[in-house]
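Each of the next two complexes has chain A plus one more chain, namely chain B in the first and chain C in the second.
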Partner chain A sequence: MSAIFPKWTNSLPLALGAVVAVVGGVVTAGVALYATPKHTRVGYEPVQPVPFSHKIHAGQMGLDCRYCHNGVEKSWFANLPGASTCMNCHNQVMKDDPLLAVVRDSAATGKPIPWVQVHKVPDYVYFNHSVHVTRGVSCVECHGRVDQMEEVYHAKSFSMSFCLDCHRDPAEHIRPTAQVTHLDWQWSTNEAVAAEMQATNGTKFVHDWKVESLQSCSACHR
Partner chain B sequence: MRYILSIALVVLALPVLLFGLAGVQGRISRVPPIEVFPDMDRQAKLRPQEPNHFFANGTSSQLSPAGTVARSEALQTTAGAVYRFEDAPVNSGMITGTTNFVALNPLPVDEHLLLRGRERFDIYCAPCHGRIGDGNGITKKLGVMPAVANLHDQRIVAMADGELFYTITHGKGLMGAYGPLMPVEDRWAVVAYLRALQLSWLGSSDDLPVDQQAAFKK
Partner chain C sequence: MADASTNLKSLLPPVELRRQPVVENNQGLGWLTDKLSAFAEGKIPLWWWFFFLPSAFCATVILPFCLFYQVTTGVGVWGNNHPVMWGLDIVNFIWWVGVAHAGTLISALLFLTRQHWRTTIGRMAEAMTVFSVMMAGLYPAIHVGRAWFDWFMFPVPNSNGLWPQFRSPLMWDVFAVNTYVMVSMLFWFMGMIPDFAVLRDRATTRVRKAIFSALAMGWTGSASQWHHYEKAYVVLCGLCTLLVFTVSSIVGLDFCTAQLAGWHATIFPLYFVIGAVFCGFGMVLVILIPLRKWCGLQDIITMSHIDKVAKLALVSGLIIDYIYAMEFFIAWYSGDPYERWVFGHRLFGHTYGVLGWMLIGLNVVMTQFLWLKKVRSSLLALFIIGVLINIGMWTERFVIVVGSLYQDFLPANWGHYKPTIWDVGIYVGSLGTFAMLYLLFVKFLPMIAISEVKGATPQGNPHHPLGGAKGGRH
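Now for the complex of A and B:
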């Protein structure tokens, strides 16, 4: 009986298996690296209508986040300031600078400045800023070191597991409420001491402030 | 051998090619994030401060009509509960029916109000007036503001509480209005805290309770 399959076909399953493994591995790694929010959202740095520098305003000058985002403690969203807030200083500082023409125009006419939103959760996610910042969750936990950003970029992934990491262990991420807007704040410059104080105080804060850190579906998907 | 080598090359090239094309994870990008099913991510509903064509001015957040005051909750003043829309010292800084400034803070001044005042003062006032109110804030150090008042000036110390409130609310000279940034109770809290700051400069150690005087003079 003549051979139906030539001899080389004996190694075909192995070769196929190898190709599938390699291609599968590359695709899996590619998806994990590039198709998750860690890549799709992180690093998004849109071009803004005014090259506003948080590094200068919040970093160098040390303005409190709430000077401009003044509704963040009361509202579910952290508002952008009205142009009149900018004009509190910029009616004198760089008052004829062409870069600020949009701001002056907005303050004079009421026409909004077309800022581009950087951090956007999907519309089926409910996130409340006020409940976080008044319970000791710092801006830096979600937004990164904005005070070091020349232009704001998306620093954290904002994936569902990103939220849950904190909701499952709030004591690790909670700080004294007076330090919420101090992005570089730490318990101690000594890492071991800082970790120790975070552990003891974090647990205490979670208890004292009745931090629920809900994990039910309807907490966020309401 | 040739085949094995070429296969190995392809296998090596794939990840390198992928990495080369896509770059480092989370690199800076000017392009908005890709959303695979944006119909769930972006629903047809009003979100604050977004473009929206329903309203004539094209934005989702609308200002309240001119001349209206939100009803909101009543403030507990020393003279009883007062609503925001009432012509009362707590809302205007002036004695009802007159343009005379009210002499004293209409809110009950307690520790809570002073602490709140300190927090708000450090946020909104300290950038120019400095955390101790001497007019040496960061804007002075950077030399960007031409003139900032020293809040310990006799002129300001002598002002009625109501005038301080009115100045915070509407601004004065080069200073902008802080009424839009701070609600009424916060502005009075700042007034109360400013009085405490001024007292810390004007007072002497004799003003302290007797048991604290000794510790202070040490």
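Now for the complex of A and C:
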């Protein structure tokens, strides 16, 4: 038999398999690292019309989240405050600062400040702030340490598995309702003690507060 | 000596009971090689173009056009709507899976039971399996509506934190059909390797030689290669035989786990397996009879082989008849008013009653003609029965799927189903694609397992006076 192909072609299938494995591995890893919400959403930090610092207001001065986002316990939406809320203080503090010109204009004319929304779930997802906040899900669970952010950025992935991680195991994530807006709160500075108290109390809260943490499709995709 | 030979002769069974030779007219090995390679090597005949052009048109124009319109617009272009959410898409899926099954049964199960006559038709049946499973696989992929989310059907880790529902037979279906596609392709390809080597060695042009060299993967026909090859072949046969039973039973389970009257029956897995095999034997008859004549294979695919396929069709048809009888009997015997109502309406309802009777007429009545030797020896009659079996089995799937869905427990929920032009277009397109692929296979690949047929002839036996290496190219 005259050989049409030289002998090295015997190694072609192996080489081809190796190429497919490498290319496939790189593509898979690339998609997993760079095309998932962990990468595409986390770190999003748009430029806001007013350089409002949560670090100063919520962190340094210790304003409660609900001072400004006052609808969060009653509404599906954690509202943004009107400029009049800002003016409660800023009619006396830094009252002529040029950085606050937009706020003063807004308060005078009633035209809202054009804040850029940072955290957003898709249109096909229903999310209700009040039901989470009143059942002991802290702001920090989804928004991260906003009290340490100069300007707000997207800290968590907000992927569907991010929601489901908590819905599948709520006891690990809920705390006394009084501590919901205390972003740095913990059961104990001792990690082992904290974990144990979380386990005991979390289960109790789930039972006492009738936390359903629904996992059916229509819980969120209504 | 004379006495001894008479005694020996008297021990042989009478002529009519002796095993028929696989190849008629005592043809030798050389003749077989020439004959079986001839079609793949010769000029393309006119009849081939006559069938190829229209089927290629269906495959490359009608099917892509319908698919494009359906995928970009949505499943709403089909007739499927509440309450008939499974329409022609699922009917055709089951039908194509069914067609596939006889091929596997012939090539795998008959191999395990050492039926030598399968060697002549096995390859053609396997090709039928491969192409029809491909057609079947098309339907679930587009039936989901958003074809770009098909990957949701597979257990891929994802940022949605979701997995498919492993407890659902629909999920098992995904695994079963995909396994079936892969194993039957592998089986088909592996079976062809020695024949690719034959075509390679006979090749006259360099291009042809290069193509078949690549396909033959360095086959030399050495004893150690045959040793490995035959081991692998048996393993794949075992796998394929199991798959015949798993794939269609899971399709059956898709139905019988639902609570719908007309679907909710324990007989469904068996029902679908046998229905699939029955339908497939019909298709084997439809494909074999014309090709045997046009490709001049009368000595190889003998009347005795056709007769055996017809007998297998009859056997599976009789089991189908039993299952039909059981379905009606159980519906009555259960006393369930919904079951009784559904089965009563299969035959006496005004909407799809005609189809119910068509089913009985084609699958039950027509099959009984296969009892007659006269019918089994008439190629025309067998061809017509083969076509009718396929129509009948398509009707059966329609009656099961649509006939049970359109009128369920609540009269307020009743509806109607009529396929649209897009339903029909995709079906026609898939038929054309199947035909196109099959014609390409027939023309360019070894459509009969050359090495296997030679092994099944008396000359293939090394002890035969002209057998083995002694006879040379005889």
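Before moving on, here are some points about what is shown:
Assume the second predicted complex is superposed on the first by the 221 of 222 C-alpha atoms of A that agree within 3 Å, B and C clash if a C-alpha of one lies under 4 Å from a C-alpha of the other, contacts with A are read in each partner's own complex, and residues count from 1 in each chain.
Here is the rule we use: a residue touches a chain if its C-beta (ideal position, glycine included) is under 8 Å from a C-beta of that chain, and two chains touch if they have at least 3 such contacts.
None of these values were measured; they are calculated from a predicted model.
With the C-alpha superposition on chain A as described, chain C and chain B fit side by side in the combined arrangement. Legend: residue contacts after superposition of the two complexes on their common chain; A:K38 is shown touching both chain B and chain C.
By the touch criterion stated above, A:N201 is placed in contact with neither chain B nor chain C. When both complexes are overlaid on chain A, the residue A:T134 reaches neither chain B nor chain C. Rounded to the nearest 10, the superposed model shows the Cα centres of chain B and chain C diverging by 140 degrees about the centre of chain A.
Looking at the shared chain after the overlay, A:P122 reaches chain B, while chain C stays out of its contact range. In the overlay built on the shared chain, the residue A:S161 is in contact with chain C alone; chain B does not reach it.
Look at A:V47: by the touch rule set out above, it reaches chain B but stays clear of chain C.
Once the two complexes are overlaid on the shared chain, A:Y153 sits against chain B while remaining clear of chain C. After the two structures are overlaid on chain A, the closest C-alpha atoms of chain B and chain C sit 11 Å apart. Applying the stated touch rule to the two superposed structures, the overlap between the chain B and chain C interfaces on chain A comprises residues 37-38. By the touch rule above, chain A contacts chain C in their complex via residues 1, 4-5, 10, 36-38, 157, 159-165.
In the complex of the two chains, the chain C residues touching chain A come out as 158-162, 201, 206, 209-210, 213-214, 218, 220.
Residues 11, 14-15, 18, 22, 25-35, 40-43, 45, 47-51, 57, 59, 63, 119, 122-124, 127, 138-139, 142, 144-146, 174-178, 180-182 of chain B are the ones that touch chain A when the two sit in their complex. On chain A, the positions that touch chain B within their shared complex are 22-23, 26, 29-30, 33-34, 37-47, 61-64, 66-67, 70, 77, 79-80, 82, 84-85, 87-89, 91-93, 110-112, 114, 117, 122-124, 153-154, 178.
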